[in-house]
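Per-chain numbering from 1; labels A, B and C assigned in written order.
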Amino acid sequence: MISNKGRKLMERIIETIFLVCAALSILSVIVITIYVFAKGSPAIFKVGAANFLFGTVWQPEANQYGILPMIISSVLGTIGAVIIGVFIGLFTAIFLAELAPKKLAGIIRPAVELLAGIPSVVFGFFGLMVLVPIISEYFGGAGNSLLAVIIILSVMILPTVISMSETSIRAVPSTIKEGSLALGASHIQTIFKVILPAAKSGIMASIVLGTGRAIGETMAVILVSGNTALIPHAITDKVRTMTANIALEMGYANGLHQETLFATGVILFIFIMLLNITLNILLRRRDGEAA
Amino acid sequence: MTDPSARRRISDRILTGLAWFCAFITVAVLAWILIYMIIKGAGHINWAFLTNVYKPVRDLYGIYPMIISTLMIIAVTVVIATPIGICSAIYLVEYSKPGRLVNTIRFATETLAGIPSIIYGLFGLVFFVIALHLKYSILSGSLTLSIMVLPTVIRSTEEALKSVPASYREGSLALGATKLKTVSRVVLPSAIPGILTAVILSIGRIVGETAAVYLTAGYVPNVPSSIMRSGRTLSVHLYTLAKEGISFDQAYATATILVVIVAIINFIATRLARRLSRATTGG
Amino acid sequence: MNMQKISTRNLNLHYGDVHALKNVNIDVAENQVTALIGPSGCGKSTFLKTLDRMNDLVSGVSITGDVFLDGLNIYGQYDIVELRKRVGMVFQKPNPFPMSIYDNIAYGPRIHGLKNRSQLDEIIEKSLRDAALWEEVKDRLKKSALGLSGGQQQRLCIARVLAVNPEVVLMDEPTSALDPISTMKIEDLIDELKEKYTIIIVTHNMQQAGRISDKTAFFLHGEIVESGETEAIFSTPRDKRTEDYITGRFG
């Protein structure tokens, strides 16, 4: 009897441990959010929200803390990367799911996974040594540019878009595909008019995920962007993203300067949160459709 | 009726061509990066490079300290994140009932997965390095990275647990075993390949991580005497070399090593994943 | 008197090593309902799919022999898209596209080049009326087809096929996934449709075959054991195997 109760107690304790571990995720998110906001928000008020978000001059030495150039660079870089990355990624996903001979798909899929695993510094270094000189030669200028950022980021989000889109396309029931073919549609017509629309939610989720990765990328961007804190007027201009801003100056910043870097982090965090919420809604819709 | 049909045939061909082309670009870019790095870097990798310490004043440019730092940070992170991740996954799969708590946990896990590494770096800096007085250290880096890889471990372990057939659990419970015994003696062992895959995937992420490590473990290019000391991982080293433009030869060599490590990790993980699916589908 | 709409001669089909259809010879007359009966796995559905070349989608399939539609060999120089316009198929499990009811029906005509809005509207109304579904959905054409009941979805799929104006409609166990009332509605529908279309229906429900078909063919192990007027097959089967199947001794 006693050992039975003892065993039951043990079970409860261990189950609680499991629960606590699972709850650590929630705790982490809360703690991270609190600390980032706590360290970053004061700066926004000290500098003034309008000055901070819409100020076009970033010169900490002169007490100027406007991050608009960084916001614009991040947004432009991300949009450019998403347009190129999603186009190439989606077509590649279509290829893998519907058009590729099995053996070829068996080579390309691991290649995509490998691409996903390559560290961002390696992409950045490659961009620095190969892409930047090419841009410099064909477009003039130093090569470090918004264009370089866009190209590198599109390559980096390809695996994300490809994997998730391919999975969503495969998840479309084959009966739908058969129905379309039986009506006299060609394979390509079936893919674009029936399968892709049916996989819409999953594909959009992959786009949002890719967007999140692009806007959050730091190291690769630093190495190819030129790091000039000015609003870009041409695609060959040097830029500095929000992420680069933080990483570059964190090493030596203190006082208000350091706080404004955290504040930049807060803004970035808000962008990401919004993307995450969108992603969640889309994923829930995708799973709902599959049911 | 032949006109729309001819039009359709042309657009079919264009779209098909586009799909082939995009797939080609994807593979070509990968090949370009890999081949370029390896060609430029392999020549500079030698025994001296791998075993020397890094002291430019004494003309020593080895990456031995970086290798050690990387191994240390991997080890500590895995030791911290794996048990927590497994326990979380066990809770989610075996014990929890659908409801607000589970949804919140899932939402939190997905959120963690979406936070960019620079934010983790900032957090790690404020919390572990400064607030907890752990200073720039392997430990600070590992604690930060643990939170980063937690979603990966949880997700993969969850999948592994879910793929254990219900019949195993039912059989065990029917024999009078408690839930805990069932989980620990029956379910968990079957899920080991999946858990291993999770660990290996995490290692891949850790190796590739730079921004978060940079801000928490620092970049001292010496062999850390303990996990309380700062260290420089391979990826941070590559970043430093590239950014400061010190030596591109060394950078290429470091990049090659990183790429090879990642390729090996990928290969092992894929093999494991295949064995896992074969085992549970009774292949 | 009735021209043979579809004829097969020495039709053989292999799935890899498996000889799934053995020397199938059959003539299907126009504007009639022909039922294909037989135990599961005996080749009825496989045979049906050879008639609109849906077997082409399966890898490892090899087909010898001829299938004629109005005298022309569909495995010769015949345009597959054209074939599938003339020979439509309704599947066992209703498979509406995840789109609106309107877009589901409009899909076929649009694929074949029709863009004119008012023409599409006409076709959609006509198809839905012919499929006995118009009254039930006319006020919610823009709503998702997935919101319909199983029986309604199947009638939608029938309407979808009718919208491309086929001559032959193939039905692969169209009511096996439906409740009795929906089944009855669709059987009534088939009876009406045969005035304009040639219908070939695979069914494992013998009573259904007896109710709605004019001709019946009995499949066993990939070959046609016996075929002829439905009444004759069911009341005076010539082959013992047919008799055994009909009286329920197997299958």
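By our rule, contacts are C-beta pairs under 8 Å (C-beta built on N, C-alpha and C of every residue); 3 or more make two chains touch, one makes a residue touch a chain.
In this text, all values refer to a predicted model and were calculated from it rather than measured experimentally.
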Centre-most chain [mean C-alpha coordinates]: A
By count of C-beta pairs in contact, the leading pair of chains: A-B
Distance from the mean Cα position of chain C to that of chain B, given in whole angstrom: 52
Between chain A and chain C, centroid-to-centroid distance (C-alpha), Å: 49
Chain A and chain B: spacing of chain centres that average the CA atoms, whole Å: 16
For chain B, residues contacting two or more additional chains: 8
Sites on chain A at which at least two other chains make contact: 186, 189
Multi-partner residues of chain C (at least 2 other chains): 81, 112
Chain A residues touching chain C - in the complex, by the definition given at the top: 173, 175-176, 178-186, 189, 193-194, 197-198, 289
Residues on chain B engaged by chain C in the complex (per definition of touch): 1, 3-5, 7-8
Chain A residues within the chain B interface of the complex: 7, 10-11, 14-15, 17-19, 21-26, 28-29, 31-32, 35-36, 39, 87-89, 91-92, 94-96, 99-100, 107-108, 110-115, 117-126, 128-130, 155, 158, 162, 186-189, 191-192, 209, 212-213, 215-219, 222-223, 243, 246-247, 250, 261-262, 265, 268-269, 272-273, 275-276, 279-280
Chain B partner contacts - residues on chain C that touch it in the complex: 81, 112-113
Chain C to chain A touching residues, read off their complex: 52, 54, 57, 80-85, 88-89, 91, 93, 95-99, 107-108, 111-112, 157, 160-161, 164
